[in-house]
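Structures are listed in the sections that come next.
Both complexes shown next keep chain A, but they swap its partner, so chain B is in the first and chain C is in the second.
Here is the complex of A and B:
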């Protein structure tokens, strides 16, 4: 019968358009009636208290702030988002509209999907707002480099997963206790999932709050001399995406639907689980690379191993002190800390032509401990450059200006003096005396009449110098600076060669 | 009504008088039971028991110092959230005009659940290394319950859990700053303080007292039908 066939072929297109329009309208309604916007002030407040304040107190470097954002923002958003999603999931039961909703035109799984979309959209809007504020402030303060987007991507991928988990629990076990228990569970799972991590080969690094080698903190020396390695972030995004798809697939299976939907939902759940499992396996193959980040061989791009090119920023001191441009804000402090030493050694034949900041080298020790040392040799001969690792490249608490000055003086200063004079293991008493005298004249905080650990003697204990050496050091330090400098100019080669005796030191 | 039936009235009234004499305790128990049922107190007790069991199981594992301190706080927050959620009334406004016992019932429910949660968590930590001990559990739980009760009065019982859970993040961050300076020293972040810290205990007790007082007098701000 032609009369029946004609409408059958004509209908599908408008029906599809109408269906989409209805879903879009439903989404608009869900966005208006969702609980997440009411939770956002809590999440943003927690972000400000736990993450923003901490991050902005850090040096204006992109990596430490991005790592802080990665962990802190997720923990701040976890409870409100998971709780709000569970709250939305149990809405029908709470309002006693479950039976009423069964009679609506849209299938149950479509309504759940729309609720999840609305919850996720609000959560991501709040999260990206927080990211924009922190990155905006950092962009104004940072002197070099650019925003790191992979940590942001991990956070953004976590929110749909949290939202899906909350919605699924709220739908499956609707009760007034579901939302708080889901929120507590989300926090527990995220905050304490890092406990089993032992070293860089742990599967638990897949936890989205992990931004690098665990327990090493957000080391300011990372991702400055070498590009940021996105390997772990890629695995985490894979895991979170897989988890989200698996949860939504399982939810669609539970919500029922047509014969076409069930196999699709089951396939989605299986693919999601497979993706998440693969990501976990990949995370377990990670290793701490020498640049302080987790490298996963299967996801690694060799191009990221090449050092970043930059033009150093240098001070106008007797010997220029040159730093990576990311550390521009540290240059005045570093130069001021080293100026007394530089004035003592400037012009001497063995003195370097420049003090240059070196990249750090990271090594995984037992457990989660990481040792940091200087990458490459301490010198480059042409042009003569003294390379040094500055204290703010090491992990540890953020230092104040005076702490930083003292730290630079007590580490780079003695190293520089020892390097020029030739002080170190097997140094002659004359070398020890002259080095101690120069440290004393430069006002180095380390007790000047003691043999301090230096790069040349890294494990050296702080032991008092012999009394004759101390006396010679005091005598030499008491000379006027020009006289001291003139003597060093004439005798430095012999002193370094060990041909000067203690008695010959003026 | 006949004279006979009228005469029968006192005969039937005798058992009623006995019932009235025995009535108040029974009526009181019934009122308490109905109030507890309307607030889902049995479910709250199950949730508290689940938190205690969860804590006990978690304490069997190996935790580093930071994890060991954070662990009880998470379960304390869960218990506090479960207690505060019971403030939500399914009856709304009509319930408020039905009698003078409602504030006492609210007070009794909140106090009893807080005591039960403290006991359950302390029992869960018996024989295991519960960081901070029972005193810490009591202080943190009371303080977070107080926050939750204040949230219930402001936001409604259904969403009262946002307070304790928001404070959970703040408390965990306070503990974190003990390792990563500058440390937060304000006593208002009591989980970051040792259990014998008087300032922190006073702050937690103050918040709990205010929360209990507010919820007793005003009740949770619940829209009827939620």
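Here is the complex of A and C:
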């Protein structure tokens, strides 16, 4: 140490002009020494393990993957980010720098704000990196549609809130145990926040991990025939922004400052609480709309109720099978699954000119159960189109190609045969026999034992066909395909009208 | 006067740490001596605006630290080295000093020069890029002094600044103190009476929360002539004053 360089006589002047520049330099230092980058590998690892693997195993559709990202990425980032923020908030106490920091001119809340900004920036960089990877992969795989940004916005708005909550807890209750407790607490708070949800009118839907009708899952068919509804996401972003502002305002109040700061901080806290409260109320007015998403009347844009325009992709089968372009990758499987049935009915007068994929219709039942049916009638007369729901539109277990083929064949196939032959409730024995024979010829499972799908009893049991009907069906199925087809060409109108008896079936 | 206090009291529950101190100090180095628990650190923390007085009046650099605006002005012109120096181990020496320069609102354009000068003055130029966790206790103390002087304070408060410094560094530090004391009020709380003798122009001796002696080091030495115990003249003055105060 030397006294040769004696202190200059100039006094430190107030740094009002360079205040922003100084804050920027503080931010640079905080970014460099923030705990969040150390936690990002944990968050990214959790994201990969819990979300990325699951999402990429899903159909290459934007909605289910965005919904998975919405919930999964947030849970993956919640613990590391809240914990890191709490660690930063408790830093002065842990490092015994409280006195030293207290005697500096810069307001405490500015330092807290800079620390929060640095923590949030790192968290958002990590989160957006994960989004970029998942959306990049999806963009390469998806055949139609584009990225959904509202779910990303909810995740991005959650991180500042988690960071603020962690920082506030770390500042108010500083100890070395605060960070792990906050990390665990953040996970449980998010995970448990969905437990009280009952139906689509629940206030708890405001929880940022909720991406759609709770317990219904993210149906792959949602947001392909109708636009994605951002209503719930908008309410969640409102809630999270309000929560962040409220926490930061309360933190500034606690940190103290000049006469101007206190009313400003109090106003921020009040505005934040009001915004968050309004968002909760809005979420409580939500309802499951018929397209499978939560609509909030006050935030709803009627333009989103109009169906999306698209050019279907069609197969080159005897009867074209046409799908929404989002499901292009499913076309070969669907066409292959239905080809045996299509070959049986192609050329018949009652056969449809095209098989078309239909949108699903959702209805909220009691509790969290949702019933799904096909939107609209199964067929339209001009042009003759047979419309059907396909299994890959609905949520369910991931299937192999052979499983998917079997599922398509066993759901759409019997419906199609029944539609052409006139099988169904009130069908004559002849209609039942011919329909069963066609199903058998097309290789459909349980073709003889079961009747048309609509003949199921309310408890789901399948009604076996009477023995004479089974015998006639076996007889008709044993005919060569051209003979069957020729007979059907001649007698289909009479068969559909119920004028053919069982004895007349060859 | 840069420091003016009248009847300053600070209580912690039933304990009266500072029991009515009257003190004025202008530019120069003021040594604050006293046994453990005398109230030196509490008095220094009040001067550092880290602790509010229970009662009494305190004016620092001509301002009242009780209100926000003047307190902020004081803090811009204040340097403080606490007894238990906390630090962020991941910061380098330069980053740590820059951090405090920013918090003390040193004009942004002056910060790089001020940081380099402060580090040079504590002879840590070679370790400017070393992380604080890698420094020895003495080096850490010097890094703490660097942060305290980076804003060229008008009021510099140092609590046990020479703890952990080797003899050579202590000699250099005393020279630094004398240089700083030419323009600023430097208050040094210490147990080491030789530091006071070598660097201070004024000395105060605290016991049981009160200033029991205020004068020059020579005055304190004189009080010990023929009385007290100790190896050095100042130590004899120190023990004589304490014995007199307690009798």
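Rule of thumb we're sticking to: the second predicted complex is superposed on the first by the 478 of 506 C-alpha atoms of A that agree within 3 Å, B and C clash if a C-alpha of one lies under 4 Å from a C-alpha of the other, contacts with A are read in each partner's own complex, and residues count from 1 in each chain.
Methods note: contacts are C-beta pairs under 8 Å (C-beta built on N, C-alpha and C of every residue); 3 or more make two chains touch, one makes a residue touch a chain.
Model, not experiment: these values are computed from the prediction.
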Which superposed partner A:499 touches (first chain B, second chain C, both, neither): neither
Touched chain A residues, chain B compared with chain C: C
Touching partner for A:475 - first (chain B), second (chain C), both, neither: neither
Partner chain(s) touched by A:490 [first = chain B, second = chain C, both, neither]: neither
Touched partner set for A:49, first chain B, second chain C, both or neither: first
Touched partner set for A:105, first chain B, second chain C, both or neither: second
Partner chain in contact with A:33 - chain B first, chain C second, else both or neither: second
Touching partner for A:95 - first (chain B), second (chain C), both, neither: both
Doubly contacted residues of chain A, that is, touched by chain B and again by chain C: 95
Residues on chain B engaged by chain A in the complex (per definition of touch): 40, 43-44, 47, 50, 61-64, 67, 70-71, 74-75, 77-78, 81-82, 85, 88, 157-159, 161-162, 164-166, 168-170, 172-173, 180-182, 225-226
Residue ranges of chain C touching chain A (in the complex, touch as defined): 45, 48-50, 68-69, 72-73, 75-78, 80, 82, 84-91, 95, 98-100, 102-109, 111, 117, 120-123, 142, 145, 147, 149, 151-152, 154, 169, 172-173, 175-180, 182-184
Complex contact set, residues of chain A against chain B: 35, 38-39, 42, 45-46, 49-50, 57, 75-76, 79-80, 83, 87, 94-95, 175-177, 179-181, 183-184, 187-188, 191-192, 195, 217, 397
Residue numbers on chain A that touch chain C, as the complex places them: 1-15, 17-19, 21-22, 25-26, 29, 32-33, 91-92, 95-107, 111, 257-259
